[in-house]
Every structure is written in structure tokens, then in C-alpha cells.
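Here it is: the structure, laid out below.
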Amino acid sequence: MSLKPLLRKLFLVDLIKGLKVTFNYQAPSEAITEQYPLERPVIFERFRGQPRLNSNPDTGESLCIVCNLCALACPEQLIVVKGERNPTTKRKEVVSWTYDLSRCMFCGLCAEACSTDALELTQDYEMALYTREGMVLDQAALERGQEPKRYEK
Amino acid sequence: MGENQPGYREWTMSDSTRTDYLDLDTKDETFLDATELVLNMGPQHPSTHGVLRVILKLDGEKVLGTECVIGYLHRGVEKIGENRTYAMFNPYVDRMDYVASVSNGLGYCEAVEKLLNVEAPPRAQYIRVILTELCRIASHQVWLGTHALDIGALTPLFYCFRDREEILKIFEKYCGARLTTHAFRIGGCIYEAYDGFEQDCQKFCDAFLPKLDEYEELLTTNRIWVRRTKGVGILNPEDCIALGVTGPVLRAAGVKWDLRRAQPYEAYKDFDFEIPTGLNGDTYDRYLVRIEEMRQSVRIIRQAVEGLPQGPIMAKVPKVIKPPVGEIYHSIEAPKGELGYFIVSDGSTQPYRVRVRPPSFVNLQALDKMVRGLLVADVVAVIGTLDIVLGEVDR
Amino acid sequence: MFDAITKYLSSATTPGEAGSIFWATIYILIITAGISLSVIAMNWLERKILAHMQIRLGPMRVGPHGLLQPFADALKLLIKEDIIPAEADKLVFWSAPVVVTMTAFTTFLVVPFGRTHAVTDMNIGILFMLGVSSLGVLGIIMAGWSSNSHYPLMGSLRSSAQMVSYEIAMGLAIICAVLMTSLQTGTGTLSMIGIVEAQASQHTWFIFKFFPLGFLAFGVFAIAMVAETNRAPFDLPEAESELVAGFHTEYSGFRWSLFFLAEYAAMLAVSSIAVTLWLGGWMRPFPNWLSGSIWNLAFSLFPALTLFVLAGLCLLGTARMPKIPQMKIQTVGLGIFGLLLGFIGLVLIIPGVRERVQDIYWFVVKVAFFMYMYIWYRGTFPRYRFDQLMKVGWKVLLPTGLAVLIATALWGLLPQISSAIVGVLP
């Protein structure tokens, strides 16, 4: 063994190098913990979160034309859309719209399939509920979107 | 549990058909005729990387033989594939190797594209390369953190996850999900690169290399790390090939086999990168190979970002994908090794059969060969160095 | 009553030497409570320091900056269901944590926190400490055996082998220090107080004596003591990633917390041995260079200053707390805690108190240094494998310890040898 590695070994250079790294990281400014309910994470625009049914902001009518494309695109078959043709306007209107959030894997295929931008996966991510029943969203819940939650003791 | 009760299973360790498999005939050289100890490691054990169960036959601390029991995370992904259309099955493959979901998606999309005989446009190919290489780095970071944690170094895990966070942010900005990305579609990409995508990737590359040196400072020369990994779990090239082991484990044994170079897919032929190989095929070499692979990935990302062409991102693919009758096997170099998809099409909208060749599952077979005669602590190190993900092993 | 207290406090011996059972009992109670409190403090500090090394924040929710987290955990452990495995050897399973805890606490009988701040001064003090702390292995073996489970059994076997082999290296290092007490004065001592006084009379800490021999012996001890207390990188008996939790895998609730208590008490005990033998025990730093009444005064103000700094940090934290209703209780609590620390600091300025407290202060500071090192190692190093651990113990530390011991003896005998040679020469 040549002299330099031997000396490095004797004076524990390899261990001290590691100790230096951990020591330097102790500064509180290095901490990256996010204090979740106090600090909210930044959610980016394309995030696929809670689904929402959009309606026309001017008229308040649902944008959904009951084309059933989303239900066909869904791998889990969790979207059930029922509609019937309104005889006066000759347009299909929603009768029932359910979205089973508990089975959703947020792949975004339904939103991609939607031809009118009615169904959209939003940036809301706090979808935890106490019961499974509440996970099946109907049209009203989907249009309302996520209600802001407050966590208190 | 009685024999007649449901769930009873003939135990394999004492089974006479399995004894030669466990190599019980060769007498062990101990001065004490110690009775052997059968230790059940897992499925709930801190370092079996999920729900792997390893039955260890021990003499004191020395491992005489192992048997892996898998299937605790079986979700029947391949069977699901037979009941979904080609496009619908795409999100499911992300859930196999969930730390490298982008690579899974890439392999699947390419296999179907091959079946359809279409090719993604150049811009889509470049975006795919950038994302899969980022994903390789992320996967290797998870490997490094958990591997170091198994060997007892607690801290690298947190440094790795801090830097992985940047990659996940790029994924989230690009495709809207961090882990199960569903980033690519058959025929290209559906998402255009967002504003600042290139800058984000460049920024990550610049920031990541010094961090990588930091991981190395903590581990590479550390005498405890070297002692724990050098000469542990040696796999020679012949065994690797015989067992079908691929990926960094194979390359660490000195076989220069990387599908990105051997049968270039996507735009990999455009890039200049090295294939790191090891000499001894031990745990330390696998560590060095993976660290070097991260550096090479950074190199590829830099080249791809600089040369990112303009143009469409989606090839002409019919809305309803109906491949011609036939079968295809396509494999890519996932972070853990060769990830192959074998798809049989009967001409309908759903695949007749999907078979996945997961790298973790095949690599896991080498476990027994690697740990014979080592100590219990080495079993943990070897499971870590094989870099298995149980979601992929069990599928 | 008051007279009795002041009379006792002005005496210059330990209660054990004075034969006062009453004061000895008081001391034992204070030390037991102090050790338990410092274990709780250590728990919080370890979590915080380790967290910050790992770029995390650590406990933040229970109390300001998680200050009450250890108390919450203690409460949780106390009210947790106490599980005894059906196949366990119940009697042994019960007694194992008791044995471990008792031995860990008993060692503190002879630890000198100051010239008079010890329960007693045994003339075999260091031997007593070694002997009693070795008994802790018994408890670990009992725990591993009685659990009737594979992981604890392997953990306890590892532990016993490890502790037995590292005790030898540790013993050799200790003999070096004991030799150093006798070499110049000719009167060696095994008493803990005697060893510190020998350092005082030789005007040097033993770590600097016969440089580098004292330092090497200290190094051997510093490595052996980490192994002796089963801490990273030698934490094989409870190697989390291999043996789940080692010998206390099957323990839960209060029994588990006893093991926890014992582990930290053992760490404090071996650290106090190291401080006593090599770092001058309760002596303040630089008694030779910075001597004189002004320096004495300056150093005796340190305890109060430390508390003032801590109080200042607390008040700063109070000011920087997020101003939201949920954090109000925490903000007020932190403020009160800071004021309390400041008040204690003020008390420590009183001259009578100041003189008597500074010995304890310097001792605690030196022990705290070792505690920090423990945490630092844990945050940085991977874990040794069992055979490598044995190799380090028997092939590195033992020969080094022996060599240092022989060299120390020869160096100490140098005057006699040289005079003998001079006498023989014509």
C-alpha cells in the first residue's frame, strides 16, 4: 500500500468527509419539510385531481352533451351518464351523471375524450372522506367542485 | 393450522423435492452440529422493499439457502390487459414498477406502436427520451436511498428524495401526475412540452451533479460502505446470462449489454453516452454502475434538450386502435433492466394476451445464488442491490 | 433544617464517604430524576438533530418545535397495551427490562458530577462501573431468549458477543488511564474522583498526556463505547433493516420504554466514564492557561450564559411563530418556557449557587458533546456487518489498545529506566 492511501485510512479521511456533509446540512434553512396544512404545496396547471363538470358561465347550462365518450374511455367504467333528448330543444340533456371517485385512478382519459371540455380534472387534491358512499359524485357535486376544507381540532 | 383447514399449504422447506434445490446435501463446515434455523423474512419486514417474503435457512447467521415467496402484491395486470382496449390499458402499466412508471408506459406504447407499424414523430421521441432518462435518475435515486438505508446509512435516503422531488415536479408540470404518470400515448405524446420545460431540465441537470458528488462523499469511499458491499453477492457474467439477469446487475458483471445501444429504440441512436460496466459483479460494482448511469442520463438529457426538434408530437393513429392480427415482443432498457412487452393481437380492439417481462422478477431469481454462504445482513444488502420493486415482481 | 442543609452543602465529601444515608438517598433520587429527564431531552434532541442532518424538521406539532413530543410519546407508551407473547417465558420476559434498566442506573452511583456531587466515592469506582454495566448484557440475553422468537434471539446473541468482545478493548483503554494516574505520583487509583483529581494534580487532561498515547487510548475507548452501547454504526443487535428491532422486537408499551431508557442511560454512563477518564471530569477547560480569579469568574458565569442563550432562542422562536389562532397556545407556552429558562439563569448568577453548579455544568457539557457525536455517527455511517464488527474489535482495537498500554507503561517508567541506566553506566 502506498503512503497516501495508508495515511488517509489512518486519519479516517473517508469517515470525516461523510461527517462533514451531514454536519453542513444541519442549518435550518436546508430543511425541505412542508408543513402541510399550514403551507400548501404548489399544484401545477396540468395536475389531474378531483373531476369537475363545467357549465356555461353565461347561461349556467351544463356543457355536457351526453355523448358518453368519457364513459367509454374510462378504463374502470366508473362514469355512468344517462340522458334523454329534450323534445323542444332537440338536445340531449343529462338525467343522471355519476362519477365513482373511489375507483378513479386519475389517468385523465375521460377528460381527454370529452369533446366539449365539460369534464375536467382540476387541481383540487383533498379528496379524503370518512365514508365510501360519499365517493360517488353526482352531477351537482361534480359541478360544485371541491368544497374548501378546514382542518381543525 | 391443520391440513384440512382452508388456506393450508404444504410447506416447502422440508419438502423432499425441494431439498436438492436448497443444497442440503453438502455438509456445512461447522464444528458444532447446530440445528438449522428457518427464519421468515417478510412479507412485513423493514428491508424487503415491500411485500417480498424470503424464507431463509440459517446456520447461526450464515445463509444456507433461501426461497422467495412472491405474489402478495399480485393485481393481475396482465389479465386486466385482456379486458381493456389498447388505450385503456396504458395507465395500468404505470402501476407495475411504480418508481419508474414513465419507463413502463414507454415500453407499452412502443410495443403497440410496433404492432400498429407507426412511429412517433421526432419531437415526441425526444420528449420521451428526456422523460424516461429523468425517470431513470428518479428510480436510481430511490434505489440508492433505500439501499443505503438497508445497509444502515439513514441520511442518503433524504438527500435522494429531495433531489427526486425536482424530477417529480417536472413530471407533474408535464403530465399532471407525479408517480403514476400516464405520460405517453400510443403514437406519441399527448402533452406538449410546457413553457420552461427545457429550462427546468437544464436546471435540474446543473443542480443534480454536485448533489450526486455529495452522495458519493457519504458512501463511495466510506470504509464501512466499502466493506459491506465489496465482494458481497458476486454474480459472474455466465450466471447472469444463464439466469436472464439484465440491467445494471448484468453490466456490473462486465457484460456491456444495454438495449439503448444494442437495439436502439426511440431517438437513442442520436445521443452520445457511455455504458458503464463493472469488473467483479459485486454489490459495490453495481453501486458504482448505477451512480455512473445517473451521470450518463444527465448527459443524454442535456443533449436531448439542446436538440429538441420542432414538429408534431402525435403520429397518425386511429381513434380506435385495432392492430392487425399478430404478435409482438418489444423490450426497452428500463432502469432496472430489460422491460419487455409481449402482445398478441387478434384483430380486435383488445389485446388477446399481454405478457410483461419485468426486470425485477427475473433479477430476483439471482437472489439465492448471490446470498448462499453469506450472512443475514448481506441478504438485506443483496435485496437492496437487486433493486426490485414488488409491484413489478408480482404484477 | 436550613442549617443542616447549608452545613451539608459546605462539607467537602460525598454523602457516601460521610456515611450520611439521608443525603445519599436524596442524591440518588436527584440523579435518577436527572437521568430520566436527560433521556427525555436526549430523545427530543436526537430527533431534532438527526432530522436537521437529514434536511427534515423533525417533530413540530406537539408543543412548539415538538418540545412536548417525548412526553406525548411517554404517555402513549404508558397507556399502550402491554403484550406478552403467548409462548414467551413470562418471568424472564418480565424481569429482563428491569435488569437492563437497573444496571444502567446503578452505574451512576459512582459518577462524579463534581468533587462532592457524587453518591459515593468507591475506591474501585471504575471497576464497579464496568462490572455493573456489563451486567446489562444479561438483561439483553434474557429479553432475547424469553421472547421465544427468532429475531430477538439473533439480536441478543449478536449483542452479547459484541459487548463481551468490545469490553476487552474498552478495559485496555481504561487501564491506560488508570496507569496514567499512578505513573508520576506513584499512587494509582481506581476511584472516579481520584482519577479526576490526578488529572488536576498533573495539570493535564489524560487525553493530552503522553501525546499521542493518551489520545490513542481515548480513541480506542471512544470507538469501543459506541459498540458497547449498541449504537450506530455498531447497532447490530437492533439493526432495524435486518432484525426488525433486535432483542426488543416482542416488547411493547412500558417494557419497551424501559429498554429505551436503559439504552440512553447506558450511553450517558459510558460518556461519563470517558469524560472522567480523559476529559478532566468536572474541571473547566484551560485551567492552566487561563487561570486567575478573573478567568475563574468568567468560566463560572458560563452556566447562566448558556441558559440565557437558550432563553433568548426560545423568545426568538416565540416572536417568529406563525401568527395564527391554532398556534396561540404553543406561542405562549414557548414564551413561558423561555422566561423560565431565563429565570433559572438568573438564579445561577448568585455567587453561592454559581460556585457549586459550575462543576456539574462542565461535566454535563462534556457528556453532551459525546451525545452529539453519537447522533452524528448515527446520521452519517452505514452499519457494520457482524463479522466485520468482530474484526474491528479483535484485530484493530485490541492490538491498538495493547500497544498503547505497553507504550504508556514504558513511557511512564522512562525516568526510572533512564536513572537505572545512568546508575549502571560507569
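Observations on the structure shown:
Chains here go by letter, A, B and C, matching the order in which they are written, and residues are numbered from 1 within each.
Note that in this section contacts are C-beta pairs under 8 Å (C-beta built on N, C-alpha and C of every residue); 3 or more make two chains touch, one makes a residue touch a chain.
As the structure is a prediction and not an experimental result, all values here were calculated from the model.
Taking the mean of each chain's C-alpha atoms, the chain closest to the overall C-alpha centroid is B. Put simply, the chain farthest from chain C by mean CA position is A. More C-beta pairs touch across one of A-B and A-C than the other; that pair is A-B. Rounded to whole angstrom units, the spacing between the C-alpha centres of chain B and chain C is 45.
A separation of 26 Å divides the Cα centre of chain A from that of chain B. Remark: chain A and chain C have CA centroids separated by 50 Å (rounded to whole angstrom). The set of chain A residues touching two or more other chains comprises 15, 18, 21-22, 25, 32. Contacts with at least two other chains are made by residues 155, 159, 162, 218-219, 222, 224 of chain B.
Residue positions of chain C touching 2 or more other chains, listed in rising order: 53-56, 379-381.
Residues of chain C that touch chain B in their complex: 50, 53-56, 150-151, 154, 158, 232-233, 235-236, 239-244, 378-388. For chain A in complex with chain B, the touching residues are 9, 13-15, 17-18, 20-22, 25, 32, 44-48, 73-75, 105-109, 112, 121. Of all residues in chain C, only 49, 51-57, 60, 322, 324, 326, 376, 379-381 touch chain A in the complex they form. For chain B in complex with chain A, the touching residues are 84, 87-92, 95, 155, 159, 162, 165, 169, 172-177, 180, 182, 190-191, 194, 214, 217-219, 221-224. Interface residues of chain A facing chain C in the complex, by the touch rule stated above, are 15, 18-19, 21-23, 25-28, 30-33, 35, 38, 152-153.
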